[in-house]
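Provided herewith is a single structure, encoded as structure tokens, for subsequent inquiry.
The letters A, B, C and D name the chains in turn, as written, and every chain counts its residues from 1.
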């Protein structure tokens, strides 16, 4: 439908923007990554009062430059891709849009940092430049191990939340408001802080009984951290073994079925067997 | 003994309340879950002073509605079940009763939150609605791994407690009252806080010697966390392997050799094969 | 050498004190355990000012009763054992002595709590009463896994200490005295607190650069906790597998050597083979 | 090129300095290690104000003695090694130089502790004196397991950093400056502190929403600590298995069947056995 030449520059641009195999495509990705990192750094620096008050104009101009660059990239991506809507509503498409919009909105409503955090997600593109296959292979196997243990980890996390609610309520009753456990949600929060062995210490039990229960909570938390770790490492071990077994199976990929020879009644013939391996009689092929 | 029709509505109600396979049963479970979550949220909100003072009447009325709903459910469960006493004295039966009683008692003695925490335990019913078999299967295997490592984890936890007592007493002697280690129980509490890597920081060693011993405690704690994790993951790995071995045993217990049929040249015959499974020709037995 | 009757009561007492198989021996152990727990509780309570000032006399008398009981037990152990000196200088012998001495010394020099902590070690006797074999079997296998990974864990801990010294010195230079990193030993202490993910928070970096380095330290610590855990769980897994393999070997305990038949030159005969399995020729037995 | 005698003392010195097999070489290494430990202790003590003000002269003189000793050692190493430049620009060569220079510079510019931390790296020489082979063997296998899981751990750490940036920005928006989350870098720092379960508590969320998000962060951190642990332990397990498989392959690649000799009734012959290994009788081949 497009003229050949028009199609030509679009295909070329598509290659540069979406792929990382040509030198130009690689350069594009590296430049993009640096710009993303710079944009994240800018948002961070802007949030530091002392720096912002000193270099406000520089930061603001740089931010605008990056926003324009991102906008151009976003439009280029839409133009060069075959199915623009599929890109626009894809994970990266939405992230790409949301990382440019806040600056434009700030023109009318003042600075909103809320969506700036999403720029960090653009960093995920980094894996395309690194030796992709190898890194993704590694994380794919990891992901499949995590997916296999999803049900178990859900049960585990759900149990942790129930424990936190029960023990949090008990701690609220034992310690009370005067020791910082001012209400149940806060006590539950404290309980999660303790169970996960984070232990901020902004709230800490003061009564002997409270400290005794806290000790139990801590030892419990120390013990149950073994559970998700055990699950993931066991699943991952069996994942590795499966891969190894599949390699082995290539050498011997035969499956034996439960057919019985009509002549001598021996079992376990190969799926593709036409004759009994024992007496040489023709097998009934179903 | 009951009239057929009477038995009919009881069986029907039993199906709705105790099972989750019919649409009505599923709906009942989902509604129950929402009510339980709402009741927990209510107890939490009531404990927050600022919210309670503002919406006291609404919270109190909602609480009464939920308590009545729970009471009706409790009675319905007793009525519809075949052996009521078995239910009443079962784990869930006691939980169900204890989660309604406090509100009634509060009529005479004022608010008692103590048992409200138990409502969280009712959440365990959630697993019935989720794809039960799959989730329970996952946690059953996990439970059997935990049960297999129970003896080892007991030895481990007991050792941790003994270490905490000894090191706690030493820290009390080293740091003394002026640095917050005001008595041995508190020092033991601090030691558990440190060994489990929670580290609240409400008590922290101030003397150089105390900090040196604390460093040893921390490295020790950092090291021994490896033990329960190692136990669980090893047991769980061997649990998975056992399951796989059993599956494999069913599937293919026969060994295929590299013999080649002298007639049709097909490979991979069974070790005890006398005739080719493909053409029925006699195999050369060495 | 002793008169038969004398030997009799000594053997009997020995059975009661040192063994846990007879009802009397079991009772003795249970009573001993309760007394040990009571003695630890006493030392703990004495250290709590508010309790000690109120119940000083009761605590002191109880302490004396327990000390006398322990002394009697200690003497009984020496009298009934065959080789008294072996007991006296054994681990338990020394612990038993040290847990009675402090009270006697306190008569002349005032209270010394220092050795009271050692009483906790007496608790290790608990494993004798519990289903011993099972629990010890579990911990023996665990111990052998820990012993197998001792060299690796030493290397690991040594590396952690070197990292802590280097990063601690850097943090001292970056943060300086005004932010609590008042000297290098304290900085190293902070670094261990952070690496082990304990995080008391009594000292915390205040400068941006310090917080950046601290972030690296934390992620490092978060990462290296995987190492001892991985070691222990891998060793423990292979320990379990070894046990299983040994069970299997019982079915097939034959070793094939590298002997060569003088007649037909086939290799790999059984160690106890007298004739070649291939040609039936007599083998040269070395 | 050197005269035989000259070469002689150089070879001898080389043996003492670089090797640890001769008694003199071992002694040299032990003395060196003690001096290194002393030098680290000195730098630490100097940084403690109260000690430095009291013993300044002693510490300064000791420091000079050690610096001179290190310088002599450094020169001796250059003189005795065959390719001096290779040593000078090696890892240890640079460490050795940098651990002497600061003291000389301090003559002109005052005390600089910055490079003193590097002395700790000299401690790595310790492994040469310890039973080297065994310890290095242990850490080599560990290193290869870590290297095998490098790609996965990179992906993992990168994901942790991205999560920390996103959640840190969100926490900055939720909590704001008044609760200590004064800018995004600080919020990201807090997020890393929390994700890694360190939890200093110098900054802690105060608003209910902030505490709710913090709870999610903590549970997330508690969960993802399972990932690196699982990776390392799985890789390490498969590393151990590989080693064992190789050992086994050398030992017994033959399968023994349950045939029984018709003459002497011995069992367990090789699959391809035609004659009894025990009596030499012909075996019945099916």
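Keep this in mind: a residue touches a chain if its C-beta (ideal position, glycine included) is under 8 Å from a C-beta of that chain, and two chains touch if they have at least 3 such contacts.
Quantities reported herein were computed from a predicted structural model and do not represent experimental measurements.
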Interface sides of subunit A and subunit D: same vs different residues, half threshold: different
Pair exhibiting more inter-chain C-beta contacts, C-D or B-C: C-D
Computed distance of Cα centres, subunit D from subunit C, in Å: 25
Where subunit B and subunit C are represented by their mean Cα positions, the distance between them in whole Å: 30
Sites on subunit B at which at least two other chains make contact: 185, 188, 197-201, 225, 229-231, 233, 235, 237, 272
Footprint of subunit B on subunit C - complex, ascending: 40, 43-44, 47-49, 113-114, 116-118, 120-121, 123-124, 126-127, 134-135, 138-139, 142, 145-146, 153, 157, 160-161, 185-186, 188-189, 192-193, 195-202, 225, 228-229, 231-233, 235-237, 239-241
Complex contact set, residues of subunit C against subunit A: 197-201, 229-230, 233, 237
Subunit C-facing residues of subunit B, complex: 151-152, 154-156, 158, 162, 165-166, 168-170, 172-173, 177, 182-185, 188, 194, 197-201, 204, 208, 211-212, 214-215, 218-219, 221-223, 225-227, 229-231, 233-235, 237-238
